[in-house]
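The structures considered in this document are given below.
First chain A sits with chain B, and in the next complex the same chain sits with chain C.
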Partner chain A sequence: MKRRSLHWLIPFAALPVLALLAYGFRVNHRDIPSPLVNRPAGTFALTSYSGEAMRLEAYRGRVVVVNFWASWCMPACYEEAPVLERNWRAYREKGVMVLGVDIQDKPEAARKFIDQFSLTFPNALDPSGKVSVDYGVYGVPETFFIDARGNIRAKHVGAVTDDVFRREVDRLLAERG
Partner chain B sequence: MIDRAQPLGVLTALLLIVLAAAAPALAQPPATNVEDPRLYDVASQLRCVVCQNLSVADSPSEMAQQMRAIVRDRLAAGETPEQVIQYFVDKYGEWILLAPRRHGFNWLVWVAPFAALALGLLLFAIVVRRWTRRRRAHVAATVAPAIDPAMRERIRRELELEEGDR
Partner chain C sequence: MIPEIGYGMVIVAFLLAGYGAVAAGVGGRTGRTALVESAQHAALGVFALVTCALLLLAYAFLTFDFSLRYVAMNTNLATPYYYRLTAVWGALEGSIVLWAWMVALYTLIIVLRHRHNAREFYPWVLTVMLSVLAFFLLVMAVPAPPFERITPAPMNGRGLNPLLEDSGMITHPVALYLGFTGLTVPFAFAIAALATGRVGDRWITLTRRWAITAWYFLSLGLLIGGWWSYHVLGWGGYWAWDPVENAAFMPWLTATAFLHSVMIQERRRMLKLWNIGLVILTFSLTLFGTFLTRSGVIASVHAFTQGSIGMFFLAFLSIVVLTSLGLLAWRWEALSAEGELDSVVSRESAFLLNNVLLVAATFTVFFGTVFPLLSEAVRGVKVSVGAPFFNQVNIPVFLGLIFLMGVGPLIAWRRASRDNLRRNFVWPVIIGAASAGLFFGLGVRSTIAIISLALTVFVAVTIAVDYLRALRARRRMGEALLPAMGGLLVRHNRRYGGFVIHLGILVIAVGVTGSQAWSLHREATLQRGESVELAGYKFQFDNLSSREAGNHFLVESTFKVTNGKAGTRELRPAKKFYPQEQSPIAHVDYHLGLVDDLYLVLGDFARDGSQATVKVQVNRMVSWIWIGGFILTLGAILAILPERGERRKTA
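Coming up: the complex of A and B.
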């Protein structure tokens, strides 16, 4: 009896690869899972570029947006700086705090960046990189949304948009009541 | 038995030659930016977060330098290497480890390459065996074709007659 050829099965070997590609294209590449979401935010104490103390603990009970940036981060940090400033001005009356943490940067370049966008929320250099490692930062920009109890509730990788800022902050403000 | 063992023997020999050629490369010490062996041990297990497949020990980037300083400070503060590594895992997840930990689903990463290699070698051995068999059968068919029994009988009779004549 002649054995039936199974060669027609060979093209099916490509199926797992195609399935993996289909999965990869459907996943949002900005959604990098962070083990820190829903865990207490690491406390930090830095000195802002305007010379004031910038301590996360001082804002306990308020919704805090911590943004990691650098003056060399082009163009994403340049795109989001006006967004952060605009929303900080719009939400500060509601008790929302925006804190900028500048990483791997030169103070002169960072000051120029702050002046360029007329940033009025506190910004401080993380000279040792300890704060960025404490927040599991991969690169800039990354933004963390912290609730009134001091827990990280969301992490956004890439330039923050008005939609992202409002969605996350409104959610946390609603929870606070 | 000898015939069966032949392709496998060739494969083993090839594998040994490849491994022997790779040995000097494997024996070379890795490039390092770290003098302290304890610091190197921890930093070499951590992925540099802004690099492509470089460890914190080997990367010259500013981020890696800062991460090395954090490792150094934590070791100096009395933490064990395991505690320091766990600190980074807590912040970045197991992604930060260059070698995934051996538990649960991670075992797939450790076992799959060896399983794939074994399967590949097995398939290769089967194909080589088939080829050599087919070739041997072909050679046998062309060099010594089967003699028809009737012809064999005729030859035998004619030889007998020839001997009888003498």
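Coming up: the complex of A and C.
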């Protein structure tokens, strides 16, 4: 009888494996470590779609959010565009700059994208792809948070949400004092 | 309207499947046939609904209905109609629809075939099939809805992943999923056997052809996957031990073990517990594979996009594993073996060893696949084990399996006599050993290659010995040669189907061995007109041109290949630039041969076309893998045909 009662333990043999698989959810595979974090951000000088110069150095002293996007990047870029616009409007007076870098895109499609979401922060095409290479962009969208001294402090892969934007920007603003 | 109609069908089908699962179970428990019949109607209804859902999705793709998020994500106006059809199952949501449809189809076939001939199991089989269906329909309703509406509907879609624009993508997932879902049927019967306590060999007899059919489709899916990898991905190989490949390979290994171990149960009434355990393991591994490819838990090159779907799969996998093992524990006494092993030198023990090796291979593959997760959980570091680990561990196992492939079918049951051994194995051993010397004499220096090829010869000779002996017996009975040859295959189709499958596997083994041992490659940067030599072939860079080609921009190079003998050949490796993709896709150009495959991949190039980097490969004997696949197909067809003589003879 004692032997028999032990058979009920058989199903428990599977638990460690199932637990390990469950653990997999806790691991964030989006968390691609960027060697650029805490390094000075690469400078760039592009011409925005509205025809103005867009230079990173011009915003030294402000917290800068550099967002890499493309009009063909659906749905993530379409999801985050209103988020960026909303937060840019909320934060611009507090010393925050948002810059959009459009990569591997056709200008007319990109213009339509900007119109569709009535984006008011500057957006520029990265015609040679040099900026995205400098920033080690894997795919779009990716967003870099740069502090007032010009160092990259955080990288976000995937669509930016209100939470992410506020958390990162508030942290950098608080530092700046 | 399409999103709402489709979504409605999914919900109704889900409710119907859930109802049917419960009704069949209650009907089976209480013996109320009316309930089982009602569940049967539910199963037919689910099949009709899922079929309509699949057709509706295909219609949405054909008509560019971008109001469906799934359509917009996976097609655009430039996608040709045949890729719009394959896009139906090209990504996560659609693959689940196809999956569910196949389970529904199999359920329909069960209703048609086993309604009367498996009365004792039927209600429980329906319960399991409908539960699995209900789960997949739940996935279609909540975490991965194919009929989700996107507002506002975009003017154009994103487009299909260019790597999936290939004919292999029509057949590869279909074959693979037919295999995966087909394995649900033996599982359903095993659970029914446990639930009813009828754990004898009836359920095995009923599911033998199901198991071999599913096994065949799984094999085919793996082979087509290898072919796709070889001619599309452009890294020159057909198997990379990627987690997703492993996910499909593990159930193949355990299903192979099952196909062999059932024979012991049929003849010797042994291994009841083992067989049920194998079926449960196999089905769990198919779910694990789906979980792996769709949860994003383990990073892989061809993982689907991720989401909460992983949680659903893990929950379902847990329910399946825990319930099955619980039932197994409950029936433990009834599952204890009746027969005993008489001798180590017997067919039982050869098959048993084959099973042990296959399961060992499964565990090493499983371990290697989840290793990154394990190391992160235990040590906090992300580490993966690569191809070297899998090769090192598995090559000896596979060599052992090839050896047993020669021994198992010919050695006697119970206890092999000296006479039996001499009659069957003297010639194969002599010829096999002689071939090892021959290969060495021909200049083969890799020990593994020599062992592998000599074992292959050994097994091939055992098959020939057996076939010729049977043929001679028939000739003595006065049959003419050709009818005797054909008659053997047809009358003992199960046995000779198995042999033909073994031959197919041998040919594949030769291909794998040859390609691993003798393939050559080099990279070179060439000015226009320059050439590079490899394995006696001269590859001359002639030209580089570019043009718009349908939905992408194409940069194409031209290489002239000569090998000293007559005839030149032109190969045109290219790079394709798709607007929706970050990096260009290499388009491999190749020439397949029985021994040498010429294989060119274009690397970087100068914009003015004056210079190009190219990877040149001469891959050896890869074609044997695909030929082996054809032989395997013939064998499988033979083995799947209804049985004729075998049983009567040896029972």
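By our rule, the second predicted complex is superposed on the first by the 152 of 177 C-alpha atoms of A that agree within 3 Å, B and C clash if a C-alpha of one lies under 4 Å from a C-alpha of the other, contacts with A are read in each partner's own complex, and residues count from 1 in each chain.
Going forward, a residue touches a chain if its C-beta (ideal position, glycine included) is under 8 Å from a C-beta of that chain, and two chains touch if they have at least 3 such contacts.
The structure presented is a predicted model; accordingly, all values stated were derived computationally and were not measured.
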| item | value |
| --- | --- |
| Which of chain B and chain C A:P75 touches, first, second, both or neither | second |
| Chain B versus chain C as contact partner of A:G51, first or second or both or neither | neither |
| First (chain B), second (chain C), both or neither touched by A:L18 | second |
| Which of chain B and chain C A:Q104 touches, first, second, both or neither | both |
| Chain B versus chain C as contact partner of A:G177, first or second or both or neither | neither |
| In the superposition, chain B vs chain C on chain A residues touched | C |
| Touching partner for A:P35 - first (chain B), second (chain C), both, neither | first |
| Partner chain in contact with A:D134 - chain B first, chain C second, else both or neither | first |
| Common ground on chain A, meaning residues reached by chain C in one complex and by chain B in the other | 104, 138-139 |
| In the complex, chain A residues that touch chain B | 33-36, 104, 128-130, 132-139 |
| Parts of chain B lying in touch with chain A, wherever the complex brings them together | 49-50, 62-63, 66-67, 69-70, 88-93 |
| Touching residues on chain C, where the partner in the complex is chain A | 69, 72-73, 150, 154, 157-159, 288, 291, 295-299, 306, 310-311, 314, 317-318, 321-322, 325-326, 328-330, 332-333, 370, 373-374, 376-377, 579-580, 582 |
| Touching residues (chain side chain A, partner chain C) in the complex | 4, 7-11, 13-14, 18, 20-25, 27, 29, 72, 74-75, 104, 106, 138-140 |
